[in-house]
Structures are given as C-alpha cells and as structure tokens.
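Structure below; questions to follow.
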C-alpha cells in the first residue's frame, strides 16, 4: 500500500488523475443529467409549493457543494501549510471558482424560488444571508490569489486567509441566525418546510447530490491539472529567462 | 513595545489629522444619511443604531491600509522584523495604535452623532459600550487584512474586499446591542457575544497577522 | 562570537539565485560582498538577517546579534533626528543616543525633522541607527550610497572601531572603504545553476502528461 | 413535458439560469485547460530545440 502523499507529487498526480478523470466525468454527467431528468419530468408537484419544488434538485446540491467546497479548500490549505505539498495548494486554488459558481447558483435559484413562495426576490433570511457572505469570502479568496505574483507566497497567504476566514464564516453563520431570530421575525416560510420528504423527491435528489459531488470532483481535478501545467510553464519560462 | 506605540501615535498626530480623519469621515456619513433617507425623526431613530455602526466600520476601514504601508515603504518594517520585539508584538501594538487613533475617538464622540440621528435616549450607554467593546475587534481584524495585503499593488481595494466579510459578526452583534438598547430591552447577550469576538480576535489573530507579515516580507 | 554560513542557497521571487555559499566570519573581521547587479547581494543579506528562509544550508550565529541596514533607512519624515534615533534605541533596549549622534556628526541636526535632511545626512542617520542597536553583527546593504568622501571616510572609521571592539561586519558595497583588513567575497561564482534552478514542477515531468 | 402550472416561468428560469452558469463554468475550465496545455507544449518544444 503506497502512501496517499505520493499523489502530492505533481507527476504522480497527473498520471493518476488523468487515468480516472474520464470515468469520474462520465459518471458525473450521467448522475447530473439523469437526476435532473428524473426530478424534472417524473416527480409530482408539491401540494403546497406546486411545480417550484423541482428547483430543489438544483438548489440543494449546489448549496451543499458551496459549503463543502470551502471545507475542501480549508483541508487543502491545512495540508499545504503543514506538509507543503504544492498540489494541495493548487487544488485549493482550483476549487475556489467552482465553489463560488455553486454559491451563485444556490443564491440565484433561491431568489427565483423565493419570488413566488415569499412574494419577494430577496429576503434577508439567515440562510440566504449566510450564502451571500460565503460568496464574499470566495470572492476575497480568489482576488487574493490573483493579486500576488509569487506562487508560493500566494499559496501561503491564501491559506492563512482560508483558515481565518473559516472561523469568521462560522461566526457569521451563527451571528446571522442570531440577528434574524432576534427581535425581527424573519420570513415565515422556510425552506425546511419538508419534515418528512417523500421518497419520490428523495431519490432523484440523492442522485443529483451524487452527480454534483462528482461534478465538483471533475472540475477540481481538471482545474488542478491546469494549475499544475501553469506552474510548470512558469518554471520553464523562468528558466529560459535565466538562460 | 511602548516606544513603538508612542512613535505611531506621534506620527499620527504629526501627519495632521491622524485622530481627526476617522471622525470627519464618521461625521460625513452621519450627515449624508438624513440627506439621503429624508429628515423624518422616527425613521432616523429606527435606523440610527445600524447607521452608526456601519459608519464606524467604514471609518475604521478607511485608515487600515496605512497601518503597514508607510512602514513598508520606508523600510522600517524590515528593520522592525529584525528587532528584538516579536512580530506578534509589533502587530498587536500596530492594532492598538490604530484603535487609539480611530476606534477610541469614535466611541467617545458617538453620542454627538447619535443626537444628529435622533437615536432614542436609552440607547446612548449601549452605543458607547458596544463601540468600546467592538471597535478593538475592528482594528485587530483590519490589521490582519493589512498584513495580508502589505506591499501589493492596488492593495487598498483588495483589503476592503478581504476585511469586510470578516467584519460581519462584529457588526451584527454591535448594532444589535444598540438596537435592543434603543427599544428598552436588555442588550447583555449581544454585548457578551461581541466581547467574546473581540477577546478571541485579540488573542488569536496577531499570530495570523504576524505569519502573513513574515510571508510578505520575504 | 562567530557567523558561520554553510552551503547556503537562497531565492528571489521563487527562483534560486545563489547556491553553495559558505564562509565563516570571526569577531573583529569584516567581509565585503561583491558581484554585478542582480547577482543576489541583497537577497543573501536578507536571508542571513532572517527576513527570508534559506532554500538549503544553514546560518549560525548567537541569537539576537544581527543589526540589518537595508537600502531604505526606515526614517520617519515627521520625526526629528533625535526622535528617530531614540525610537530605535528604545526598541533595541539601549538607552543613550548621544554617543551615536556625536560619532556620526549629527549633533547639530538633532532637532531637525528627518524630511529636511539631505540624502547624505539621512544616510548618516541610518548608519547611526546601527550604533544604537548595540548588536555585534552588522549587515549592511550598500551603506555608502549618497555619502560624500568625508562621510565615507567617517563611516570607514566607525566600522573599524566597531571591528576593534569585537564586532563583525558584512557589507555589500562597490566602493573602497579603506578597510584593508576586510576580506572580499565575489558572489558571481555562487550563481545558481539555471539547470538546477527549478521547483517541483520542473522535476520528472513527462511530456506524455502534457 | 410535465405540466408546470402557474409556476412554469419560475421553474424554467431557475433551471435555465443554473444550467447556463454551470455550462459556462465547464466551458471556461476546458478553455483554460486547453490554452495552458497548448502554451506548455510550445514551451516544451522550445526547450527541446534549444536544449
């Protein structure tokens, strides 16, 4: 049994990821398309929410990836700080835009869904607000990567930001809950109005969630490979310049 | 350590308006808001706690990039990093100097600005207490952002982008305390939480700031 | 008191510039670093001063013994000469700034704000800072920039006194300070090999995986 | 096509917006990947030529 850290070697990573990528990508496409078709065409309408319940199949998996994507970045940042594996830092960099787009998808589908349900596009519901804040965290993280030229410095600083940001993101979630349940009652209809979800919704939702996880994995692998190539290119160009 | 603090304060005074700049900005925001939302006293009273806190936050943000930028430009940051003071101490002192020049004057002057916004009577003590407890966190968190972006081109805008999400919990608890005070309720819970965030930030963030500075200096 | 550098490699902007640098400097000795622009004199000094990590190799010296002086003097324009100096004296825990003021001929300028000094006067103030640190190992990056002949001679004398008092000095400079006893280290022979100069992303990469 | 009732616009626009964003992300990722691959191949070729 070889150590998992071997995959932190760029070459080894390129080999292994290149071998698995087509399968993961294919499976991701299958689950996503299959789950969405199942959810869109073959589920009944909810007695209360009507056909809008179909948005669930996009909204929930995106929200899940939005949060767990940040979690993955945190783990990758910690690995970089502790063991200084370059692939780890690049994986964190690669995951950020994916997580950000997923946050955006969750926000947009939430807003469109909220319009008929709550009568407004945007409610300062604790959950929506937390996602907006999460979006800002992603934005700051990506902007910091963009702003720094030296790749190792950028990896170090973004890791520090990711760790501190995680603590504050957690605090923000808590604070936002406090803020809206406090004196001012929030929106009375909550997304959690489905205590016992019927299996007709549950199974396509699970399929979509699996699809989204695989999709996230595919994109992160693809983007990490691109980042590794970019680093290699940078090394080559620097060498050319040094003669 | 005290030498560094005294130097920073002296520089702030000599630079002309180190203390005044934040206050002037605060005043401008407080004047602009009624011009924007209209002069109705009850409306202003309703939004005053939030406006006062947001204005304090922006006034803090305004001066953050100066925390390290000047020392970085003239080379003193390199020299400080090789001095006997640990870098964690340097960033703590820098945050303290920032608070003394922005947070503290804002806290002391806040009742005057509350008057302009028709802040209800019972809220005044809570306004001062919450600003007094909360603005140190703003300075410490801001110092962390400044340490991350020191030496970057266009660092100022990036600094705001990085720091503002980190300010969310402080803002929420601070403004909530004033709002509860204004409605005559007990503001103890948000104040305790605010104090917890401030203490936690003061205890832990200097290590992050020092780490970021070390990375940026090399 | 000794500064020993063993097989040191250091990088600038992520690229190795120097490798295999080794030397030892005993108390009372001075070493002058030479080499063309961009060879890595500043990088080496910053690495030795502990401002950036070494890629390889080791630097050994007793703790808290290094006084580093960069291109920039770290002066605050609105503070007076005496205030600038007193600040650093306080940071380094040495009290008296009068000897340093006298030695660098700054006594008459003591109350003048640093912004009203000439370039050479500023530089003299920056060097006076070294005297108030009370530290034995001086690491100086182009210390004589913008100094006139008299000031260079003054500075040379100050360094010699420092060495005579058991101090060490490491200088990157092009001009002759009249320190005949100083050794010279030509850095261009330690220039990092560009074929070795690469990070993980340049090792064992197979074109099949491009 | 299932009957979406009065919420047809809502559901379809949510699906449309989400799918557009996701497809855009995929296209951007692939485009950047292809570009980096090409640049790297050129650089490797230069290196092979120049030694």
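Each chain gets a letter, A, B, C and D, in the order it is written, and its residues are counted from 1.
Here is the rule we go by: contacts are C-beta pairs under 8 Å (C-beta built on N, C-alpha and C of every residue); 3 or more make two chains touch, one makes a residue touch a chain.
Protein names from UniProt, one per chain: A = Heme exporter protein C; B = Heme exporter protein B; C = Cytochrome c biogenesis ATP-binding export protein CcmA; D = Heme exporter protein D.
These figures come from a predicted structure and were not determined experimentally.
When every chain is reduced to the mean of its C-alpha atoms, the one closest to the centre of the whole protein set is B. Each of A-D and A-C has its own count of C-beta contacts, and the greater count is at A-D.
Averaged Cα coordinates give chain A (Heme exporter protein C) a centre that lies 16 Å from the centre of chain D (Heme exporter protein D).
Taking each chain's centre as the average of its CA atoms, chain B (Heme exporter protein B) and chain D (Heme exporter protein D) sit 41 Å apart.
Taking each chain's centre as the average of its CA atoms, chain A (Heme exporter protein C) and chain C sit 47 Å apart.
If each chain is reduced to the centroid of its CA atoms, chain C and chain D (Heme exporter protein D) end up 51 Å from each other. Annotation for chain A (Heme exporter protein C): residues touching 2 or more other chains are 153, 229, 232, 236, 239. The residues of chain B (Heme exporter protein B) that reach two or more other chains are 218, listed in rising order.
Residue positions of chain D (Heme exporter protein D) touching 2 or more other chains, listed in rising order: 37, 40, 44.
Looking at the complex, you find that chain C touches chain B (Heme exporter protein B) at residues 46, 49-53, 64, 66-76, 78-79, 83, 87-88, 90-93, 129. By the touch criterion given at the top, residues 1-8, 10-11, 13-15, 17-18, 21-22, 24-26, 29-30, 32-33, 36-37, 39-40, 43-44, 46-47, 50 of chain D (Heme exporter protein D) touch chain A (Heme exporter protein C) in their complex.
Taken together, the chain A (Heme exporter protein C) residues at the contact with chain D (Heme exporter protein D) in this complex read 36, 40-41, 45, 50-52, 54-55, 58-59, 62, 97-98, 101, 104-105, 108-109, 112-113, 115-116, 215, 219, 222-223, 225-226, 229-230, 232-233, 236-237, 239-240.
Looking at the complex, you find that chain C touches chain A (Heme exporter protein C) at residues 13-15, 194-195, 197-206, 209-210. Put simply, chain B (Heme exporter protein B) touches chain A (Heme exporter protein C) in their complex at residues 144, 148-149, 152-155, 158, 161-162, 164-166, 168-169, 172-173, 176, 179-180, 183, 185, 190, 193, 197, 205, 208, 211-212, 215-216, 218.
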